[in-house]
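Both complexes below contain chain A, partnered by chain B and then by chain C.
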Partner chain A sequence: MFGLDFSWLLDPTYQQWLIQGVLQTLELAAISSLFAILIGLLGVYGLLLRRAWLDASIELFVEVFRNTPPLLQMLFFYFTLTQIGLTTLDPVTGLQVPVVSAFMSAVFSLSLFGGALCIEAFRSGFDAVPKATLEAARALGYSRWGMFRHVQVPIAARICLPPLTNVLTNLFKTTSQASVITVPELMYAAGQIYNDTFRTLEVMLFILLVYVVLVSLVVWGIGWVQRALIYPGYGA
Partner chain B sequence: MSDVLYLKRKQHIRRAFLFMALLILALSMINDQGGQWHQVWQKLPLLLTGSMEGWPLNGGFILNIFIGIASMAIATVLGLFLGLMMLAKRRWLSLPGRAVMNFLRNAPWLVLLFAMLYLLPYRVELMGWHFTLSPLFKAIVGLSLPTAANFAEVIRGAVNSVHSGQWESARSLGYSQWQIYRIVILPQALRRIIPGWMNLYALLAISTALATVTGVQEVVTLLRTTLATESENSLVYFYITVLLMFFCYCYPIALLARRLENHTKGDAI
Partner chain C sequence: MKNHRMRLLAAAMLMLAAPAITHADALADIKARGFLTVGVKNDYPPYGYMDNNGHTVGFEISLARYIATQLLGSPDKIKLVPVNASNRMQFLNSGQIDMIMATLGITPERQGQIDFSNAYVSAAGPSILARNAVKFNQWAQLKGQKVCGVQGSYFNKAVTQNYGLQLVNFAALPEAYRALQDNRCVAMVFDDMSLQKKLKEPGWSNYKIAVAPYEFTPMAAGLRKGDDSFREAVNQAIVKAEGEDKLIGWEKAFDMPPSPYIAQQAIAARAATK
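The block that comes next holds the complex of A and B.
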């Protein structure tokens, strides 16, 4: 087809690499999404406390991570975290290796990046919770944390899901940049395969397709959650 | 505390942060014990313009800005077509448009850039003219594709946000489909398209860092080659410098976009 050669796909070695790459990508995306959502919740709780200095600090965090390239953030954290001096004895090779692996620094950097995006996405959702509902909750004697947990989060989570989809897909796509700091995920596997087969175009087209399918699955999955969580008669 | 007072206090604290950051930066530059800032200072022209003397412009951060502007120009045209295609009433137009938009939006920028790098031929022949496609050109095209898809989505959202009554009244006044778009809908949608467009430009400006994988001499490539020759303890300083470059360029754009966005928020059109 168009002079493209996809016969390398049949090679078990490459299949193995691809599967491992996909698994690593999924792992990276899942862990950093989880942390990102946690950071997002923490950040938005901080915003709700309405302390001007806390608010400004969170804003600073969000703006720094939103307005710098994730690639550079990743390189920055990779080099600083692995060179911070913490080393441990690797039992296999007997060498001193950094405690923080490339994978961990990728998780760290992606969590902060995703967290910043999450705070931004959650903020609008929490703003959209009706004031009257909050006043009612306060009148019923909810504590601030209780109100956050039982009133604001359940309502805001449903409003936040569409922007959260954008954030999580963005985060998922950004995991491909972890290949630059040698995390063996899908993009890295692609590099290995085309270095082996010299079929650069075919490999990249295939990887592109795999990513699109994976991201579409994420979009579809969140959409499913969104439909499942809907409050009848509340919102769209 | 009332809202106005609160926002005012926040503004004060924001200024205090900025002042503190500048102070810390200045103090660490003055008290430059290991000479790291000196190293950064020496390489700064290289990082900004790609040549040690600051002239001629060979690359560096200037090239990032150039890639950003060129990609945005292509993306604006492509995105406009794609967006109007998606909005078309005819399904054979809107379905492919939507499919292309979804594909490009769900593909990671980095992978798309790589794919373009290998998909575009090295030489092309167009009406008897031979062109050599440089990595720079490929990077620009590779970055413009996802931006175009996002821009198409911005257009679609903005046009759909125009109240349906506008369509109906324009139609009852005898405007044709194209006239409705041109005279009634697009001028109103433009108010929402412009902030989205600016946000997208800020995003694209950040993503130009990815062009490093094509090997063009933009700031990340130069940073990494520079770091290979510098001592390891100056690494953090170099990274902070380049991160600051991006921040100082993108943050004002994002801020302005948000201002415009807040202006249009809530106005019923």
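The block that comes next holds the complex of A and C.
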């Protein structure tokens, strides 16, 4: 039908590229998501401290990393840092080699970009914790950290999960941009294969399907957490 | 756009002209017609491309004009028809052109469909660019090494499969050169002619062609099967050009690295005429 030709899927070299691509995509997404959530938690905790200079710094961080294209950030970490001298001596070849690898550049940029979005998502959750609950916690003698840990996080986390799903699925899809700085993830593998076989349509259709499956798994996973955490009155 | 329209017009005119061409004796037909029709590239420097004035020029164009001079007495008794890799064989076999001179490599599959003239170029495949200090000089020594390259290069799969290179492929050539200079890769793999040209640029004196190309593709003019007298005439013209060092001159004119094949052919051509 439509003259589609998927015989390239049988080629062992392409299979190897694809498997490596899926693994790299998963690795990149997992590490970046973890760091993004950590940055989000740190940032939102900083905001709760209500220090003017801290607020301003976090605000600046969010504006810079949320409002610039992740692709630009990757290229910045990959090329610019090396050119301004972030290199190290390789004992084997005696040459100055870059400190920041392609994978690290991608992790940096995705973590910071995702982190900025996470701060915003978490902030909305924390803002939604009822004032009365916080006053009650304070009346019971909770410290600021204790209140964060035992009252705000449990309630806010449930409210945050739907926007967090958005952030993490977006982050997962943004990993495809790492192909530009030669991280051999799924999109990179796809480019290699269709440049070789000229079966652009078939390769794209296949990669599309793989992304749908992988991202659906992420959405399903967060949905599972959401359902497991449900308690009456908060979240859905 | 304008160029596109011109091409369409040219194609349409050729189609009208096509039935008039008979296949009995190509050489006699060409001489009767008074001009030679050659399918050429116009987007592939240095072999055939548009110069700043919109004229199609290049190594193969110069040779085609030389052949026209030998056959018909003037380099202007020629009609250049832009062709590409996917339509040039049909253009030839349907009689719209007399000859292909469009980076046409001699392959066994093509030999079943058309005839070839003598090979006038031996086009190098990919070679390896690296720092002067590197010790490797064989493809096999690059197994498992990070080598910068460009996405979509036709040899990417071959060097991965045959020599085990760990390719780090960039979307565009400048990024690959940048990454090589940043030492992100031990070497870079690309079309030999481009790398040779790069070496001549300032800032590249610490680099060399560390590993020579593993393959050379002979390039020749493509002719319809059975046009033997025409092929003989074309071959004589090519040998004459080789003997007069014309090809070496065009190499220089179009900034191509000197090719050992062309130098050898020039010597052989002179030896044959003595």
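A few notes on this one:
To be clear about the criterion, the second predicted complex is superposed on the first by the 215 of 236 C-alpha atoms of A that agree within 3 Å, B and C clash if a C-alpha of one lies under 4 Å from a C-alpha of the other, contacts with A are read in each partner's own complex, and residues count from 1 in each chain.
By our rule, a residue touches a chain if its C-beta (ideal position, glycine included) is under 8 Å from a C-beta of that chain, and two chains touch if they have at least 3 such contacts.
The shown structure was predicted, so the numbers you read here are calculated from the model rather than taken from an experiment.
In the superposition on chain A, A:Thr13 makes contact with chain C only, while chain B stays out of contact range. Within the superposed three-chain arrangement, the count of touched residues of chain A is higher for B, of the candidates chain B and chain C. By the touch criterion defined above, A:Asn67 reaches chain B but does not reach chain C. With both structures placed on the common chain, the touch criterion links A:Gln83 to chain B and to chain C.
Of the two partner chains, neither chain B nor chain C is touched by A:Ser111. Touch criterion met: A:Leu95 reaches chain C, while chain B stays clear of it. Looking at the shared chain after the overlay, A:Asp55 reaches chain B, while chain C stays out of its contact range.
When the two complexes are overlaid on their common chain A, residue A:Asn195 makes contact with chain C while staying clear of chain B. In the superposition on chain A, contact of A:Thr182 is made with chain C only, not with chain B.
Chain A residues 79, 83, 180 lie at the interface with chain B in one structure and with chain C in the other.
Of all residues in chain A, only 13, 79, 82-83, 87, 90, 93, 95-98, 102, 180, 182, 188, 191-192, 195-196 touch chain C in the complex they form. Contacts from chain B toward chain A in the complex involve residues 1, 6, 9-10, 12-14, 17, 102-103, 106-112, 114-115, 117-119, 202, 206-210, 212-213, 220, 224, 232, 235-236, 239-240, 242-243, 246-247, 250-251, 254.
Those residues of chain A lying in contact with chain B across their complex are 50, 52-53, 55-57, 59-60, 63-64, 66-73, 75-76, 79-80, 83, 169, 172-177, 179-180, 187, 190, 200-201, 204-205, 207-208, 211-212, 215-216, 219. Within the complex formed with chain A, the chain C residues making contact are 131, 133, 151-154, 156-157, 160-161, 168-171, 175, 178-179, 182-184, 186.
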